[in-house]
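The structure under discussion appears below in the form of structure tokens.
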Amino acid sequence: MSSEYRLLIDTTDEKGLVYNISKILFNYNLNIETNSEYVDKDVNKFFMRTVISGEFDKAALLADIKAVLPQDAAIKLSKNTKKDIVILATKEAHCLGDILIRYISGELHGNIKAVIANHDTLKDLVEKFNIPFVSISHEGLDREAHEKMMIQAIDTFHPEIIVLAKYMRILNPPFVNHFKDKILNIHHSFLPAFIGANPYKQAWERGVKIIGATAHYVTSDLDEGPIISQDIVRVDHTYSWEDMRDAGRNVEKVVLSNALNLLLNDKVFVYGNKTVVL
Amino acid sequence: MSSEYRLLIDTTDEKGLVYNISKILFNYNLNIETNSEYVDKDVNKFFMRTVISGEFDKAALLADIKAVLPQDAAIKLSKNTKKDIVILATKEAHCLGDILIRYISGELHGNIKAVIANHDTLKDLVEKFNIPFVSISHEGLDREAHEKMMIQAIDTFHPEIIVLAKYMRILNPPFVNHFKDKILNIHHSFLPAFIGANPYKQAWERGVKIIGATAHYVTSDLDEGPIISQDIVRVDHTYSWEDMRDAGRNVEKVVLSNALNLLLNDKVFVYGNKTVVL
Amino acid sequence: MSSEYRLLIDTTDEKGLVYNISKILFNYNLNIETNSEYVDKDVNKFFMRTVISGEFDKAALLADIKAVLPQDAAIKLSKNTKKDIVILATKEAHCLGDILIRYISGELHGNIKAVIANHDTLKDLVEKFNIPFVSISHEGLDREAHEKMMIQAIDTFHPEIIVLAKYMRILNPPFVNHFKDKILNIHHSFLPAFIGANPYKQAWERGVKIIGATAHYVTSDLDEGPIISQDIVRVDHTYSWEDMRDAGRNVEKVVLSNALNLLLNDKVFVYGNKTVVL
Amino acid sequence: MSSEYRLLIDTTDEKGLVYNISKILFNYNLNIETNSEYVDKDVNKFFMRTVISGEFDKAALLADIKAVLPQDAAIKLSKNTKKDIVILATKEAHCLGDILIRYISGELHGNIKAVIANHDTLKDLVEKFNIPFVSISHEGLDREAHEKMMIQAIDTFHPEIIVLAKYMRILNPPFVNHFKDKILNIHHSFLPAFIGANPYKQAWERGVKIIGATAHYVTSDLDEGPIISQDIVRVDHTYSWEDMRDAGRNVEKVVLSNALNLLLNDKVFVYGNKTVVL
């Protein structure tokens, strides 16, 4: 029985790309389940996500496609199987819990290999779901030493995606680069933005009427990587700052789970500091 | 100087479609400005919207593409110019006004040829914008006679799109069929739905917390044609039914203008009772 | 140490109500933590929710307030403690799971006494949280007999609120009346509405662009009781009906949890077929 | 015939406030049409908005209420009549146009006395509606001189509210203080925020998925005054920056008109850098 594969192409745009690629797919007699393309004329980039099925020689197909693409092209052929995930957390349960419930009810197209946290708070919750919980306290360690231990622990599980489910530690370039383009983060966001401690309290003092959440890839510039998904929730003057935080949690968990779903389905391309979702 | 054209293809899906079409475009040496495709596997339908530019023989291109497509294929090559619009209205100004303001400020990619109404209420407003206002009262006429006069008046202006901007008359099959796939309507919508007179009052009595608006193509089944765009606005118990109506107007005008924009840009395909927006 | 109480008044409106009530609260030397009132002029109804604190004789306060209100007044003095909840479910985990995660993380201002279901599917999930799971299959029972068993089981736990977390059985008047004004339901909702089997498939066939969820009190008229909370999520033509269902689940769980939160905080008044949320 | 008045009280909170105020209203035999109160416990502030009707001596009522309130109390008795508005604009028509259409169709509970702009672009549009258009170019003038002329022109019309409908000039403290608590502004807002020229282009480069709009009172700190209303619109990678700007315009005009509506109905209290909307 044949499987589905996702063919992802990310390259400089040039005349005839679609023709040249579709010719190869046609010659391999593949079924095209879905096909999406996007051209960003301003930066002359071409993106394609095609779901194909049929019997074929993977290496040969990749080689043939590579031959018709510009030098800088990135090609990926990803089987439609569940990806391995490691979740990092600290103390808050809302984002982690939402993913666990999806996981246990078969909604998540991924395998949670472990939850790793710098506190023990969530240990009981995670172990209810028979998922390994690894606790790596940062107490008494400098940032570098702690991150090294985290990297080591994460690597044990060989995840394709690392989800920061309210992991409340700043990540340094060595960590981020070690897991390049694999780290998904969620953070609250506000109009206007609030920097510093307890942004919910600042937002409350400022009387904001909406609270947002942004899911993004993590780059060295924390909270500033390419945005994958965003949404907001409405609040008003009757909300205490704790009410605002609770409202924010609702939108955070939904936005993070949606973004994770996009990653599990290979739907997100990154270029520059932005994403294309196909 | 060459122009942009929108090539729209709507056909039964089959292997090699993209290859065959892209081969022709490549051979004509056309620039692909944007390209979107969608396949609905459940009904085996293929949709493509490609914006092309370059010098070419239109008739030849269409013939060549037709030759590689299934028999039932619909092909359209639409120049990127402003389409002619006729707006039908009754007494309410919010949707009409929104379109007029976009028009006067150059935001609307279309020409408003006329506003035709069954009341005189909006005459002053329309004439401020130097647009012909045609008043065709339904008083003393049976539905059939009134619609015949409406058809005649509309035909004078040869519109590509007819916008029902809160035109409060039910349209009969002869009218709808005369302007098949050209009529855009906006109507309020509620969860749950309210049938009969003054739906806002019913919605208020029911204490709804959101009010929606739906823009759709008009088919013989009024308020039930293929949906193009929808949105909602939040309300609460402090809203009188007039407040709900005013809130509904805000969302109606934005949804209608957005849908009109999609039509002016040839972005909407209809099949069965649904749309694909590419 | 003194506690907080919520004083809820629901009565015919008349001149001097606020004066008369506030005079009593003042004479009892109570602290007013928050105070909200709403008058519906159309039906001449007055609603008040006041959070008070201080030392006082409950019975005396209630008697004094009763004395200054119209005959038909409903008065409730509810201590700010966690209410007991019983959740009814069938097979779907999303709404139940969301409540469980809030519960375990201390976010839910309520006690989950039990989950009662007509299938065993969710047993494992519920028992992870050390919450009693009662399975009452409807197989081989007529509706009346099954509901009697359900009522008996629920009554064992003396809940103040019964949450239908995707409980997929129609409830009959005897059941509904037994738990009058205590049953909270969530159901998907669409614009337009779809009646009958698999509404998500119908919505998909109709090409809706938004999917809603409505949390409401259950009355004899299922899916038609007073609305407490509503929200929507956007979808488009690329969604399969399963994608639409998954999107709908996101909005269902958030809307249900928000509505439950309002009930746990005594914020909802019901009158006619609508609610006032103070 | 008696009129409706809005009684607005903004004061330090203390025990017995509601009792003392409601006693006076009762003694004057006034009808309470609606009544809203809000107490911010964190800053010990009390806000009340009551709509009253009946025959009464205004000066006496105000004096009697003043007598029972703390020293710092602000009391306002505002007749339910249309307020005078002056609109400032530059070149963009969307916000101005939305207000004009509401005005002409009787939806706006206010009188537009004039539109004053630093460019002539909108002259034709405004004069269609028989509203004075005053053009005060900033060319050849320093900021101070230009603002003086603006103040003089605005003062001619004695507006109660000044609406900045995309007036693209920074306002200095002398201007802002001259019209303290009277200036309403709309500005686009983003998550994250973008500072400097062409924020839409920056937002596009950053690949944001939502675009917001914030209506707020203007204080000396432009774009940072107390927020009255906010909303957002969804965008995606297929939007050019011009598409994002157009989407932003939709949300700007609706948010500004909603905020203006709140001001015209005396529904907004300001304290610190936030608002209470009753």
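In this document, chain identifiers A, B, C and D correspond to the written order of the chains, with residue numbering beginning at 1 in each.
By definition in this document, contacts are C-beta pairs under 8 Å (C-beta built on N, C-alpha and C of every residue); 3 or more make two chains touch, one makes a residue touch a chain.
The structure displayed is predicted, hence computed values, not measured ones.
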Residue-number overlap at the chain B/chain C interface, same or different (half cut): same
Greatest separation from chain D - chain, by CA centre: A
Chain B and chain D: spacing of chain centres that average the CA atoms, whole Å: 35
CA centroid of chain B to CA centroid of chain C, Å: 40
Shared-contact residues (touching 2 or more other chains) in chain A: 38
Chain A - residues contacting chain D, complex: 38, 40, 42, 189-193, 205-210, 212, 214, 223-224, 226-232, 236-238, 240, 272-277
Residues of chain B defined as touching chain D within the complex: 92-94, 97-98, 100-102, 104-105, 107, 125, 128-129, 246, 249-250, 254, 257-258
Contacting residues of chain C [partner chain D, same complex]: 15-16, 18-19, 22-23, 25-26, 29, 31-39, 41, 234
